[in-house]
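Sharing a structure, written as structure tokens. Questions coming.
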Amino acid sequence: MTLLGLYHYWVFAVLLMIGFYAVIARLNLIKKLIGLFLFQSAVFLLYITMGKVDGGTAPIFQVGVENQIFSNPLPQVLILTAIVVGISTMALGLGIVVRIKEEYGSIEEHEIQEIDQQ
Amino acid sequence: MYDVVTIATLATMALALVRALLGPSVYDRVLAVNMFGTKTVLLLSVIAFLYGRPDFLDLALAYALINFIGVLAVLVFFRSRALRRAANAGMED
Amino acid sequence: MAVFLDVVSWLLLSLGGAFVFIGGVGALRMPDLYTRIHAASLTDTMGASLIIAGIILQAGASLASIKLAMILLFLLLTSPTATNALASAALLAGMRPGEAIPWRQDRSE
Amino acid sequence: MIVLFGVFLLTLLVITALAIVRSENLFVVVMLAGIFSLLMAAMFLILDAPDVALTEAAVGAGISTVLFLAALALTAERERAGSTNRLLALGVVAVTTLIVIYATFDKPRFGDPAAPVHQHVAPWYLERTPEAIDIPNVVTAILGSFRGYDTLGEVFVVFTAGIGVLFLLGTRPRRNSRSVRVALDESDAGLRHYLIPRVVGRLLVPFIVLFGLYIQFHGEYGPGGGFQAGAIVAAGLILYALLEGEEQALRVMPRWVLTGLVAGGALLYGAVGIAGMLLGGNFLDYSVLATDPIKGQQIGILLIETGVGITVTGVLLSVFHAFAARGRYL
């Protein structure tokens, strides 16, 4: 049981680092954005995992049911807004990439740097 | 009782994921995503009852309604690409 | 009566699960794109109908049943439409049904 | 049993993420990201977070795929192999992964009710919600009332991001990049030639918008609220634009309406705060909005959730139209 619980955190660590790898090792700008998407998803997962309580249920009161254990609602509030903020900022990032493509004709980091040095 | 269905759905999700990884064409991957979407609707409905909280069915309803927008976007994407290529070929002639 | 309902819904759920799984195997094992679409979409419809019918029997007459019926209705509308759109997109890109080698694209993958 | 289901889903998540990083075809990457989002939503539901799962569903099912595909149509579909020091990057990542995994052994046990996260404000929120606000969904109560100031900030981040996209893509493209723009006949726009998607899609648009409104106003009693509803309504209207072409969608909902929605929702949120101040309370203190403080709280939450929904709808639609108007999509 302890191991199964730890597995949640390990998946968080692995996902975080897969996203990090895409950001640092890939040169394509859209791929970097996808890496950021993975990174932020990993953080979402960590928050929600920490909010879970054994034997708990979702923090919505039910009529006629008393003495329920509820999972922690606070991380859920933070992540709920973060998902929508995430897609908006992702759109902003994609907008910047589109403009870069129009100005430089490429979305590969090394090609953009070559053009800049000329 | 719900466990059997959940296991079947999860196994099918794994199979669809394998199809998405193998490809070979991009359309196979779109097919896999579409399958995955339907399986998620079923999984969410079953989990709602497994947890004894039927009010979570709203989630499955949301997926059932908007999941196919992604596939339509793919169709629009390929259609505009085909038009673009035709237009480019026409300019070169 | 309750036992009878339980048995029927268990049967429906298991049968639905079997259909869903067979569809997954078909989507994995069939030789080309259009046969795979065929395997996936038909079993999807059958499996989803059976599973949701099974859950409705468990839920009884309640708001949940109405929601489940809506889910089934929308699935029956959207899932074939998505399949149709997918097949249209594949045809548009020049994939012909029955061709022995559908994987001309993406061979580098 | 359900823990095992969760573990299985997590394993699928890792496999999908690895495939996303490995694939060089960006279209495939977008499709796999769709699968990733579906898995995340199922995982959130298993971890007792239906509100979060609904948000992920509303955003991930339609909108993010549509936005990424629009960006791909404007840039490139394939990643070109470049030369980076992959080994160095892999080394850094491997070492960091090990450090993070080592740190997880010090974390509280998964599901431990005595963990520090569950000690401070969270029990207070759960305790106070029935007496101070009296709505069943504690998540909505925290989002709208207890942490209303925080949510105001988030709404303004969404607002700013939307304005930023409009600034970036609202300018006219240069002439040389316009040569590839396909001149489309109006009768040819969208998916008008595809009868089945068009008929079914048009049938579903009103249901999607109606469902969005249900999520908006049912958010105090079940999973839902402004953020989810905004994304769902936007998805429905984007579906309409996909089916009928961008021109027709803009005729139904012109740009000035979209801009009005973006600003109007944020303004409504701020106005509720100011109204509280004018009635003698603090900023975003809803208790003074009605004679009964509990009633006031409920009215306040309803109003600010509406503001959130309006802004999110406006921003997502404006962003979509900004990408679509760039010319190579739709």
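Think of it as A, B, C and D in the order they're written, each chain with its own count starting at 1.
Just so we're on the same page, contacts are C-beta pairs under 8 Å (C-beta built on N, C-alpha and C of every residue); 3 or more make two chains touch, one makes a residue touch a chain.
The shown structure was predicted, so the numbers you read here are calculated from the model rather than taken from an experiment.
*Asks:* Trace the shortest chain of touching neighbours from chain B to chain C and give its length in steps.
*Replies:* Graph distance in the chain contact network comes out at 1.
*Asks:* B-D versus A-D: which interface comes out with more C-beta contact pairs?
*Replies:* Counting C-beta pairs in contact for B-D and A-D gives the edge to A-D.
*Asks:* Cα centroid separation between chain B and chain D, in whole Å?
*Replies:* 18
*Asks:* Per the centroid of Cα atoms for each chain, what is the distance between chain A and chain D, given in Å?
*Replies:* Measuring from centre to centre gives 12 Å for this pair.
*Asks:* What's the distance between the Cα centroids of chain A and chain C, rounded to whole Å?
*Replies:* The mean C-alpha positions of chain A and chain C differ by 30 Å.
*Asks:* On chain B, where are the residues touching two or more other chains?
*Replies:* Residues 13-14, 23, 26, 30, 32, 37, 51, 53, 55-56, 58, 61, 65, 67, 72, 74-75, 79 of chain B touch two or more partner chains.
*Asks:* So which bits of chain A are touching at least two other chains?
*Replies:* Residues 57-58, 60, 62 of chain A touch two or more partner chains.
*Asks:* Mark out which residues of chain D touch at least two other chains, giving numbers and ranges.
*Replies:* Answer for chain D, listing residues that touch two or more other chains: 25, 28, 50, 72, 194, 197, 201, 204, 207, 222-223, 228.
*Asks:* Please give all chain pairs that are in touch with each other.
*Replies:* A-B, A-D, B-C, B-D, C-D
*Asks:* For chain B, which residues are in contact with chain D within the complex?
*Replies:* 3, 6, 10, 13-14, 17, 20-21, 23, 26, 29-30, 32-33, 36-37, 40, 43-44, 47-48, 50-51, 53, 55-56, 58-59, 61-63, 65-67, 69-70, 72-77, 79-81, 83-84, 87-88, 91
*Asks:* Tell me, which parts of chain A touch chain B in their complex?
*Replies:* So the residues of chain A in touch with chain B come to 57-58, 60, 62.
*Asks:* Inside the complex, what are the residues of chain C that reach chain B?
*Replies:* Per the stated touch rule, the residues are 6, 9-10, 13-14, 16-18, 20-21, 23-25, 27-28, 33, 36-37, 40, 44, 47-48, 51-52, 54-55, 58-59, 62-64, 67-68, 70-71, 74-75, 78-79, 81-83, 85-86, 88-90, 92-93, 95, 102-103, 105-107, 109.
*Asks:* In the complex of these two chains, what residues of chain D are touching chain C?
*Replies:* 23-25, 28, 194, 196-197, 200-201, 203-204, 207
*Asks:* Hey, which residues of chain B end up touching chain A in the complex?
*Replies:* 51, 53, 55-56
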